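A quick write-up on the structure given underneath.
We call the chains A, B, C and D, going by the order they appear; numbering starts again at 1 in every chain.
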Amino acid sequence: MKYNEIFEKIAAELKDYDQIGQVATYIPALAKANPNKFGMYLVTREGHSYFHGDTDETFSIQSISKVLSLVYAFKLVGTDLWKRVGVEPSGSPFNSLVQLEYEQGIPRNPLINAGAIVICDILMSELKNPYQDFIKFLRSLAGNPNIDYCKTTAESEKECGFKNSAHINLMKSYGNIENDAEEVLDFYFHLCSIEMSCKDLAQTFMFLASGGKNPVNNKRIITAQETKRINSIMLLCGFYDEAGEFAFRVGLPGKSGVGGGIVAIYPDQYSIAVWSPGLNTKGNSSKGIKALELFTTITQSNVFGPSPIFDELEYE
Amino acid sequence: MKYNEIFEKIAAELKDYDQIGQVATYIPALAKANPNKFGMYLVTREGHSYFHGDTDETFSIQSISKVLSLVYAFKLVGTDLWKRVGVEPSGSPFNSLVQLEYEQGIPRNPLINAGAIVICDILMSELKNPYQDFIKFLRSLAGNPNIDYCKTTAESEKECGFKNSAHINLMKSYGNIENDAEEVLDFYFHLCSIEMSCKDLAQTFMFLASGGKNPVNNKRIITAQETKRINSIMLLCGFYDEAGEFAFRVGLPGKSGVGGGIVAIYPDQYSIAVWSPGLNTKGNSSKGIKALELFTTITQSNVFGPSPIFDELEYE
Amino acid sequence: MKYNEIFEKIAAELKDYDQIGQVATYIPALAKANPNKFGMYLVTREGHSYFHGDTDETFSIQSISKVLSLVYAFKLVGTDLWKRVGVEPSGSPFNSLVQLEYEQGIPRNPLINAGAIVICDILMSELKNPYQDFIKFLRSLAGNPNIDYCKTTAESEKECGFKNSAHINLMKSYGNIENDAEEVLDFYFHLCSIEMSCKDLAQTFMFLASGGKNPVNNKRIITAQETKRINSIMLLCGFYDEAGEFAFRVGLPGKSGVGGGIVAIYPDQYSIAVWSPGLNTKGNSSKGIKALELFTTITQSNVFGPSPIFDELEYE
Amino acid sequence: MKYNEIFEKIAAELKDYDQIGQVATYIPALAKANPNKFGMYLVTREGHSYFHGDTDETFSIQSISKVLSLVYAFKLVGTDLWKRVGVEPSGSPFNSLVQLEYEQGIPRNPLINAGAIVICDILMSELKNPYQDFIKFLRSLAGNPNIDYCKTTAESEKECGFKNSAHINLMKSYGNIENDAEEVLDFYFHLCSIEMSCKDLAQTFMFLASGGKNPVNNKRIITAQETKRINSIMLLCGFYDEAGEFAFRVGLPGKSGVGGGIVAIYPDQYSIAVWSPGLNTKGNSSKGIKALELFTTITQSNVFGPSPIFDELEYE
């Protein structure tokens, strides 16, 4: 079966899935999302693209930006990064503050909020113009000069970001934040506010499926070792409290955001982005996960082993 | 390079690694292990075997048995299993009791002690002769009728297993243990006490690299879906508080035990077991992890992507 | 106003209070208690007694026994006691296990379950015949040779005491339990099962209102210093998560049990026991606390200061 | 023995106690305190004053201000206060954030930092000019128009108050902070910075020993019921993680600050303030506690019962 056909089959199979899940409502920018939107965009190692649905429309990438800021910081400071943030899964979020306290202000990994905030702090220390430098980095990865922050979203996030303030101040009390707390949070909320399309995301993440090189221009972003590190962190920590479930169903390193986007990569093969704004109770795109599950099953690209193919699949 | 040559290269490279790490000392059976022992055993999908060092000598498999009891219970009760134990990583162990309390007696996953104890409880409810039935299951997987429990080890474990008693009683207070607490623990400690060789382990785990079928006799142990589930749990939860580090370095689903054994599988390709009794501070075989890291790098079988090959590798 | 009149006034005032609160139901022995029972018994320093209602009927003293076992252990080992248990309030019970873990197996105080279990362990190490010696000690304090354990209650407690098993095993893992866990718990459950009347309790606790001497025969039980210690622990830790509220309302050192009994002492003045089986949401006798509040207000014996007298009191 | 003689006796007895303990060093204003300073000031119900040592010198009252802000807020909003802060001891401070999270942003009591911050928030909502109104309230209680904030201290506190920022932001995320977090903290740090002498403190707290009335001008500050409430909270929660020890040794409601001051009251009898900057490991004045212990023992005013008098006292 060709990729285009696979996408159509998946879309048909999941046409009733829009009703499942709830659009995030804690800020207006997310609440107004249309729950019927759905897109899938695939980029292969050979440079081919396949897509279906609303793949050019931009949405708030939210926590997906955590991977990109991590990559940038890793590039800048190398393995010194691991002195300030761990690489292990974090367990359930109920104890995020106590865990941070127990581990003396060192977050478990860079994809939980506390860890991503430390990454922002590093970028602010290392970069001359963090806001500009970062967005430039992103535009170059995506090959799209129009990617930008959404000021309205960033402002809304700030107005209800008290728990993030609690985390950053606790870390500052342990000496793990160098810059002014409010300024770091402002940067952090801006990163969450970035808007991209499925196409942008699939293109942007392609270097993680190519051993660290941008496959278009063959420019190295990070080393092969570093790529392995990022991919392993995504698989283990990329889906909040649903990492185990995602690993089983989809079986690829990836990252989701509460805007309904998910991006995943199959090392040496492809990068894929999906978007559907309805979230499950764990805060991940309900239809997005299902679509990726079908895709990796049909294409036999779940890293944990082959599965019965499409027609035989049973859904719970 | 052929597998035998790779093994020799790794052994040469790591000949000074025996000094690294400490043999587990909390029970006599483990404390008396010879820290210079080292073995690697590989079984491929095609049924070929490759080995190096002390691969016929048996050792205490300890927590590796948690995967095998999980497989057996999964086989018996299917997805009902997930009503009593989760599939998510658990974060650091410091809060194992509070997490169990917070989650109402449902352990985070079946590879932490609390989860493995629930699995034992299920086996005791489902099996007529749990001790005999389980060891028979294991012998058949390994193709070795001599595999057995070590009564001495089981007794020693029991004498210092108070934290496990705390866990099982807390779970019982939430209604997640059906059988008598002492009896379940006795079974649990017997499972930990099982002795196997690298050869046994690699053979035993081969079905997880074969979509759930025993490749020797083509007999199905569990379904392909179930195999995917077990493999994803191993990758995310198989190495205590070092899962993220193992995923990066080795990049394969696996499980370690404080006896110094590690077993890992590469879906559709191979099963590999290593043994070296010296443990790192996280309780995993120090030399064992390093050997597997070299192996998956040279053979490019880390699921998170290709790496610079052997000669260029730098060690920290 | 004379004490008898005060009691009558209180009983009249609170005649509708029986409906408030719920009899404990987790074991049959408690569940069958008659919620309409009510008794108050006062012993003064001068040796006078005043009483009202069901003061001769025995009930399960439950956690009130924790004070008596503490006194006995303190008598036996002196201030060495504080190496194994603290003297500070414990905060809310939700984190009892994690707190115990954080403080390396040393319970916060001797009136929470974990602390009382350590006290039982000490008594078992120090006494030849702990069961007999302890009940003898109690009979002599109360001047009543009929006081005894209730085997049925003790058995019922054991059948649902899994959380206590979790606590004792955790402490044993830290080396803070010397004897066999099951045997210590059996003794602990027996202490909880002791049955006494209001009269017995008021007599028994009188030495704590007399600087440590039995006022009847002038025999010293513990020193004045030790008495001060016990009294201060009762005030700060005697009422689960309602210590602050009890201190405000009643303003006396005391101890409650889920059998509905409460005993309190006014240093140098009197000992008073009340019984009413209906419990509030914190597990303390609802009517009992109210009755004591009225009593210490009318008699101006709340240690935190004078209050408006009876007729002007407003109830929330 | 007369009070003056008692003070001299205590001072003589404790003359070597200055060496014990460490002056707080986390901010310069405290670090520069002279560890040899020592003062005791007593005000009796009859209006007599007795004093010894450095009782006119001012020092940073720090957490002692928490009682005064509590009284003011209680006066303004009455028992509605308890919807936003509890009255129970908090256990050890290691879990202050998780406890706050568990209890949905409601601090355990008003004398821990989180609770005192909520009180500040209430004052800011209720008062037109919180800074001026509060200091005026204090000056009138102390009868000293010179009492004031120390701007330098307040600034220093702010610069290292990240843990307090963590607490207030966590509470704000639960909706328990109405005003701007930074502004509330500024007020909070100003309250901590207030400077008073032993004389000021003893005078100021005298109304808590007089049923809520200023004994000098007979003006009611709070009701007798409210006074009882404040006193009981002080006894149970006034000494960080040393409340139980203080209750035993001193046996009076009181409050300490890391500036080395302690104030305590004996209901209906007296108010007493001590000052000695050296702190014990729990953060309370080492010599101050000892001096109060001797004082309440000699004067037999420990509420938990009589003790052997002075000459027979043994010190650990």
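The rule is short, and it goes like this: a contact is a pair of C-beta atoms (placed from the backbone, for glycine too) under 8 Å apart; a residue touches a chain by one contact, two chains touch by 3 or more.
No experiment lies behind these values; they were computed from the predicted model shown.
*Asks:* More C-beta contacts across B-C or across C-D?
*Replies:* C-D
*Asks:* At the chain A/chain D interface, shared numbers over all numbers used: above half (same) or below half (different)?
*Replies:* Counting shared over all numbers used gives more than one half: same.
*Asks:* From the centre of chain C, which other chain's Cα mean sits the farthest off?
*Replies:* A
*Asks:* How big is the gap, in whole Å, between where the Cα atoms of chain B centre and where those of chain D centre?
*Replies:* Centre separation, chain B to chain D: 56 Å.
*Asks:* Can you give the whole-Å distance between the Cα centres of chain B and chain C?
*Replies:* 49
*Asks:* Measuring centre to centre with CA averages, how many angstrom lie between chain C and chain D?
*Replies:* 31
*Asks:* For chain D, what residues touch not just one other chain but two or more?
*Replies:* 94-95, 98
*Asks:* Among line, ring, star, complete and other, which one matches the pattern of chain touches?
*Replies:* ring
*Asks:* Every pair of chains that touch: which are they?
*Replies:* Pairs satisfying the touch definition: A-B, A-D, B-C, C-D.
*Asks:* Using the touch rule from the top, collect the residues of chain D that touch chain A in their complex.
*Replies:* 94-95, 97-98, 101, 160, 162-167, 169-170, 172-173, 181
*Asks:* For a test of understanding, state which residues of chain A touch chain B in their complex under the given definition.
*Replies:* 79, 86-92, 94-95, 98-99, 102-103, 108-109, 208-209, 211, 223-225, 227-229, 231-233, 235-237, 241-245, 247-248, 251, 253, 267-268, 302-308, 316
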